[in-house]
Amino acid sequence: MREKLIELKNVTYTYEADEEGAPGYTAVRDVSLDIYKGEFVAVLGHNGSGKSTMAKTMNAIFEPTQGTVTVNGIVADSEEKGNEIRRIVGMVFQNPDNQIVATVVEDDVAFGPENLGVEPSEIRRRVDDALKTVGMYELREREPHKLSGGQKQRVAIAGVLAMQTQGIILDEPTAMLDPTGREEVLKTIIRLNKEMGITVVLITHFMDEAVHADRVVVMDGGTVIAEGTPQEIFSQEEFLKAHSLDIPQTAQLCRRLGFEECILTPDECVEKLTSVLGGAAQ
Amino acid sequence: MVRDITFGQYYAGKSLLHRMDPRMKLILTFGMIVAIFICHNFYSLALMALFAAAAVVFSGVPAKMILKSIKPVMVILAFTAILNIFYTKGGETYFEWWKISVTEKGVNTALFTVIRIIVLVVISSLLTYTTTPTMLTDAIERLLSPLKIFHVKVHTLAMMMTLALRFIPTLIEEIERIMNAQKARGADLESGGLIHRAKALVPIFIPLMVSSFRRAYELAFAMTCRCYTGGNGRTRMKQMKLHARDFITLFVCLAVVAGIIVLNHFFTRII
Amino acid sequence: MTYPIELRNVSYYYSPGTPLQVAALKNINLKIGEGELAGIIGHTGSGKSTLISHFNGLLRPVEGSVIIDGEDLAKDKETLRAARFKVGLCFQYPEAQLFEETVARDIAFGPKNMKLSDEEINERVKKAAEFVGLKPELLEKSPFDLSGGEKRRAAIAGVMAMEPKVLVLDEPAAGLDPGGKNEILSMISEYKKRTGCTVVLVSHSMEDIASVADRVIVMNAGTIAMDGTVDEVFSHSAELRSMGLNVPEITRIFIRLRELGYDVPADVYSVEKGAQILREMIRRRSV
């Protein structure tokens, strides 16, 4: 029996109406979703589909207007519970500049454990470990604003690792990065999940990132409109395109070639092609 | 460059001064600046200058950098020197012409003041050369923490300082970006009168405010996510500990101050 | 023959004359012709942003000259100012430049700086808004009340309304979802088709450039590493990848197949073309 880490039950979130009388905006409608321990879930959706708002309910930054959020058995219904939940599930945001608080890389990574009241020597150990995991140990004494976007995001990830949370929610962590930065960050995320067993919820609109997940959740209009393995989701090209999404080029190619199975990564595709084409002799 | 504000003029190194506890360094810097003003004659001032020179040697900061920090005060130095030479009268007259005269006292006072300012600048810039603003902020927070009993929010103030240091470079980059974008739309920021120029800043100021609020909002989320609830129950990774070197430096400084007092007592007063 | 954009032996250094001197551009010679849709690609720090900032005189070359529409920008202040309007530069995340009370007034900011008549300005605002697909009722709204995608469009309209001879867009689709990205890219090719203007598109993704551009200029380490048609540049796709550029997945598959010794072309960048080639190979194999 798989254990649930995060459980959303009929969650609705409505942004409060502003003073000028503009009506409140409901970004998430009646969403029920379970995230299991050790799982890697990708949440896909176009800009404004409600995926970021949903992510913020998952670690109790936003309290749902209706419905309940339960994290590791704790129901998010008060400020104190929220703090407890955030010790279990950390979060990394889209803009790398707006989540780094310290002027030195290692001080920033230490910020979370410091808030948790961890012993200084233990913080040091955690910070060093976290920085090594994301490959930023060599740059630990740098100023964050002199790092590249990908490096900043890895520092942010290290900041969550040092808190030793069970899960990490990443809200479009690669949206503002260049291809090199995207690759660095994606590799790091996959490592966290596969090697360290950390539960990952990756909010993204890059299809080639979602293919690495165990499960893909597609959102539009504030609700979950599809859910399944990457193979199941990415075999529905027309459906995804209708929701301003896409399928990876590899999948498009394999579909055009009439391959039965849904192939998602270039490596798998090359493998399949070599088996179809036989040796390179011809 | 302003963008380097987070490190200020920090000169990376591992010297004695770099490794000192920033709290001790801060206190001693203040103490020695006071000591400069106790000096009454050239003998005590010479001792002070000697101390400053020794501190430079122990800091490992190249002399060129020290000279660079004196450069901005050159005008002030020249100004004080001229004022003192011509307006302080007394003792032997070296030179006289029309209403202008240069006397012994004038020259002495000018020289004394100039040396005093130079020593002052050298000592205070050594603090900033060997200590990052972040370390300084931390030191101030810890030194002021007893004020907590008077309900002074020392932690909050220090956190604000740190965030300011962190975000100033980011905001400067942002201003540059917005300026370029508006210039590309033909905004003219360089010409016109005062009112015109003030108006021309609106297209820069408003986007800057909008983005700063957004940043502040996101930053608050990010800090909440990392379980920040204020200063209570917080620990710190980097502990500040006083080592033998800090006490030795303290002792040296006390000795210098004692020397200054003695020299002040035995030689005639210049100022 | 005059070109809308011509750079002769342009070099640019950051912090010149200091030990920290960094060459951002090294002896660049570049001509971009009337009505071209050129793509400039390069990874972060390759010099592409520095390069486009020379096109409208935001940066002045340390060495060499920039000639816009036949006039050397070093000539006088007027020429320099005119270049701001001849070359419309739209930076990455242009929504950060919105500041006016209404969308219409924001779009009008550029034309106003050109000292056009009110009628002319109104005309241009409407035209530009229509081009980027902003509904007329949005024009009287505050730009800060628009959705992310609408803000992006409003900002681009602000540059288009200056009706520049050359429109330069730096990563116009950054941060948008696949649907939004396709819309922006097709909007750009539509703009070029309808106005006949020269368009320069800057990106680090070959995929975006390949879908719209005629010509690709590859920047690397402050120099032009390649310059040619999309097909020509893609025939060096393995090199592009080693420069830290993102080539389409389909191209990566073909690079790999070539490495494995298959006789396939190197310049494949569209799924359709790739599928056609592979289908043919599979067919031949089965006979």
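Points worth noting:
By written order: A, B and C. Residues from 1 in each chain.
The working rule: a contact is a pair of C-beta atoms (placed from the backbone, for glycine too) under 8 Å apart; a residue touches a chain by one contact, two chains touch by 3 or more.
Computed from a predicted model, the values in this text were never measured in an experiment.
Listed here as common contacts of subunit B and subunit C: A. For subunit C, the chain with the farthest CA centroid is B.
In whole angstrom, the spacing between the mean C-alpha positions of subunit A and subunit B is 44. If each chain is reduced to the centroid of its CA atoms, subunit A and subunit C end up 30 Å from each other. Subunit B meets subunit C in the complex at residues 174, 177-178, 180-188, 202-204, 206-207, 210-211. Of all residues in subunit A, those touching subunit B in their complex are 56, 59, 61, 83, 86-87, 90-91, 93, 95, 97-104, 106-107, 110-120, 123-124, 127, 143-145, 159-160, 163. Subunit B meets subunit A in the complex at residues 6-7, 132-134, 162-163, 165-166, 169-170, 173, 214-215, 218-219, 221-229, 233-239. By the touch rule above, subunit A contacts subunit C in their complex via residues 45-48, 148-149, 175-176, 178-181, 205, 207-208, 241, 243-246, 248-250, 252-253, 256-257, 266-267, 269-270, 273-274, 276-278, 280, 282. Listing the residues of subunit C that touch subunit B in their complex gives 53, 56, 58, 81, 84-85, 88-91, 94, 96-99, 109-110, 113-114, 144, 158-159, 162.
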